[in-house]
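Here come two complexes built around chain A, the first alongside chain B, the second alongside chain C.
Entry: the complex of A and B
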């Protein structure tokens, strides 16, 4: 196969556009990790489940397809809240393993429900901008992916504003840094954590819808790879680092498309997963990771 | 104001606080001293709700605190600082105060304005707190980057941001130089002038003896003495608790008790 620089740049463009959805997922993982210092493995599955609920509502209620982008995220937020109560809220705080195992269980639980309800077959998903392909010089750009990236940036902007400019966000960050002191400053830490799960869920629901819109179909087969990629983004960005998660999302999107170009679709994910081990060995704290401590 | 009746906390077989009776009056500075492990910190943790008591009651102005969650006790008017500083290191000085902020009763903003609004509408008041803490020119510094003494002052100011009626100071002078202790004493007196009741837990006798209106002495989780600073200094029971004998250590030698 003959690959020239135009192919590489084209792959990078597509990768960065699509990578914005990974950035969203990584941001969601990171928000939850930041709040609880625990990983929610069921996060990507609940995001996809939200997209499914959105899809089911538009077909059952016969409402405009665009509403899937409202119902999907809201449903994913609700599912996130359920997962918080089922897997995190009442687990002993000192036990790291219990919520991890519970959320792995929730991942398969949600996945099985989707497979059961859809008989495992993929469903087509409304596109954001159908048939909008244009050229920028020698490079072809998919208009719908530009929309995906645009909405991802808007969402990231909203999350950053909430986290850094409002008292709600400051309370979330205070809870993550010093949960006891936050509680004794009058911050209801359990409620703050629940809010974080809902917020992250909404974010994930958007990511799920955007991914499905970019691919064109929604399939239960994507939950597991998305879970792994979300985790990889979180680890490469540095556990708990928000800007790290966003940058790593774009990085993974780009690498994925380069691997796709060089090695084909069957081998692509092997190299993406390999990237995780490279980082774990050579840069275990990720790009922007800080030493994690909390009493 | 603060009334602890028959308050007990057992950790397994250890009686950290044992049938404690304590009464702090409105507007006073009450010093609570005692040897290490005598139950001082446990008492503070019981009042602010980190632990639930094994038995007994905690009342603030007649309101039973026992059934309230820790964050609700802030609204009841209890606030505290920590023995080992617990600031929000990645937030700025201003944000540390803003996140702990409570509007004064009767001047509350709406729910939306509280959680999503900017701190600008309270700028004037937060500025006053900054001046109280002497950190006026550092409001945009990250709390984690402040010097030790500044962090202690910020913790004091943060504890006041919730408009407390009662402040619990858990060893605020730990690790401070003599000049810093003098400065701290002035700030505690300012709190008193503002009408805040102070429960001060401290090992540094120079501070406790000079600032407290009354002092209580804990040993093995119970109050063994209570009274004016000079009465406590000359109390043989207190000397026995600290030194293991009732030998007179020439009255005002406060530095000896310090260790």
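Entry: the complex of A and C
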């Protein structure tokens, strides 16, 4: 096969556009990690489950398909809250392993419910802008992916606004940095963490819907790869770094598309996972990881 | 005033407070002395609602604080400046102060801003560093910030847990000058301190806490004449 620079740039464009969904997922993982200093492995699965609930509601009720992008995220937010109470809220604070294992359990639990309800077969998902394809010079651009990226940026903007410009964001950051001091400032830290899980869930639900809309189908097969990619994005960005998660999302998106072009779909993920090892060995704190721990 | 009766608190199987009773009067500085491990910080955490007591009662200006969660205790007007400051390291000095005002109403926005200016007047170094992350401040500056942050809730009484620990003598003097000022402004203070010489400058009442029990209570004069305390804390023979 002959690959010229046009192919590479085309792959990069698609990768960056699609990578915005990884950035959203990475941002959600990071928000939760920031709040509790614990990983929620069930995050991507609950995001996809939210998209499923949205899809189910538009097929059961006679409502416009576009509403899937509202019901999906809201459902994912509700699932996020359930995961918080089931896997995090009542776990002993000193025990890192208990919530990790609980959330792994929740991942498979959610996944199995989806498989059971859909008999494991993929369902088609409404596109954001069907059949829109245009050219920018020599490069073809998928209009729906542009929409995906646009909505991703809007969501990131909303999250940034909430975090840095509102009282809720102040409480969230305070709880994340020093939870005892946050309590002493009168911040209800448990409620703040619950809110973070809901917000991250809404974000993930959007990401899930956008991914399903870009691919055209929703399948239980994508929860595990998305979980792993979300984690990779979070680690490469630097655990807890919001900026890092967003940049790493685009990085992974473009990386995976380049390898898709060069090595084909069967080998693509091998190289993405290899990238994780490269980072863990040579830059374990990720791109923007800080050395500052909470005291 | 703050009135504590037979307070018992434990960490798992270890009983850290074994029936502590003490009073802190309005407008006064009440100092709690004691060696490491005496239960001083446990007492502060129990009073402020971070840890729940097993038994006993905490009465604050006629309201029972026993077993209340930390945010509710703060809303009643009892604020703690914790040991080791515990500032929010990745938030600016200004944001730390805003977090201190978390319990105040949104409608108080102008008043909160005015209070921040008051804090800047009282602690000029915080004004200089207002946009800097709190984690980059020196120990003394962080202590000032922790104090200012607690004051932002407009407490009736301030609990200060070892404000001088780990600070250079010059800074310790500054901290105590501020405590004196706050006392003159009419604020009630409970001060946990190991530096007895400095504590004598400000305190109206002393309690000695040892192994989870109050072993001495009295005025500065009585304390200076107590042989045991003299030997242990004041270096006198």
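Here are some notes:
Convention: the second predicted complex is superposed on the first by the 293 of 295 C-alpha atoms of A that agree within 3 Å, B and C clash if a C-alpha of one lies under 4 Å from a C-alpha of the other, contacts with A are read in each partner's own complex, and residues count from 1 in each chain.
Please note the rule applied: a contact is a pair of C-beta atoms (placed from the backbone, for glycine too) under 8 Å apart; a residue touches a chain by one contact, two chains touch by 3 or more.
In this text, all values refer to a predicted model and were calculated from it rather than measured experimentally.
With the two structures aligned on chain A, chain B clashes with chain C.
When the shared chain is aligned, no partner comes close enough to touch A:222: not chain B, not chain C. By the touch criterion defined above, A:159 reaches neither chain B nor chain C. When the two structures are aligned on the shared chain, A:17 is found in touch with neither chain B nor chain C. Of the two partner chains placed by superposition, A:106 touches none, neither chain B nor chain C.
Looking at the shared chain after the overlay, A:167 reaches both chain B and chain C.
Judged by the touch definition given at the top, the superposed model places A:214 against neither chain B nor chain C.
By the touch criterion defined above, A:188 lies against chain B and chain C together after alignment on the C-alpha atoms of chain A. In the superposition on chain A, A:177 makes contact with both chain B and chain C. Residues common to the contacts of chain A with chain B and with chain C across the two structures: 167, 170-171, 173-174, 177-178, 180-188. Of all residues in chain A, those touching chain C in their complex are 167, 170-171, 173-174, 177-178, 180-188, 290, 292, 294-295. Remark: chain C residues 48-50, 69-71, 74-75, 79-80, 82, 84, 86-91, 95, 98-100, 102-103, 106, 135, 149-150, 153 touch chain A in the complex.
Residues of chain A touching chain B in their complex: 165-168, 170-171, 173-174, 177-178, 180-189. Taken together, the chain B residues at the contact with chain A in this complex read 48-50, 69-71, 74-75, 79-80, 82, 86-91, 95-96, 98-102, 114-119, 158, 161-162.
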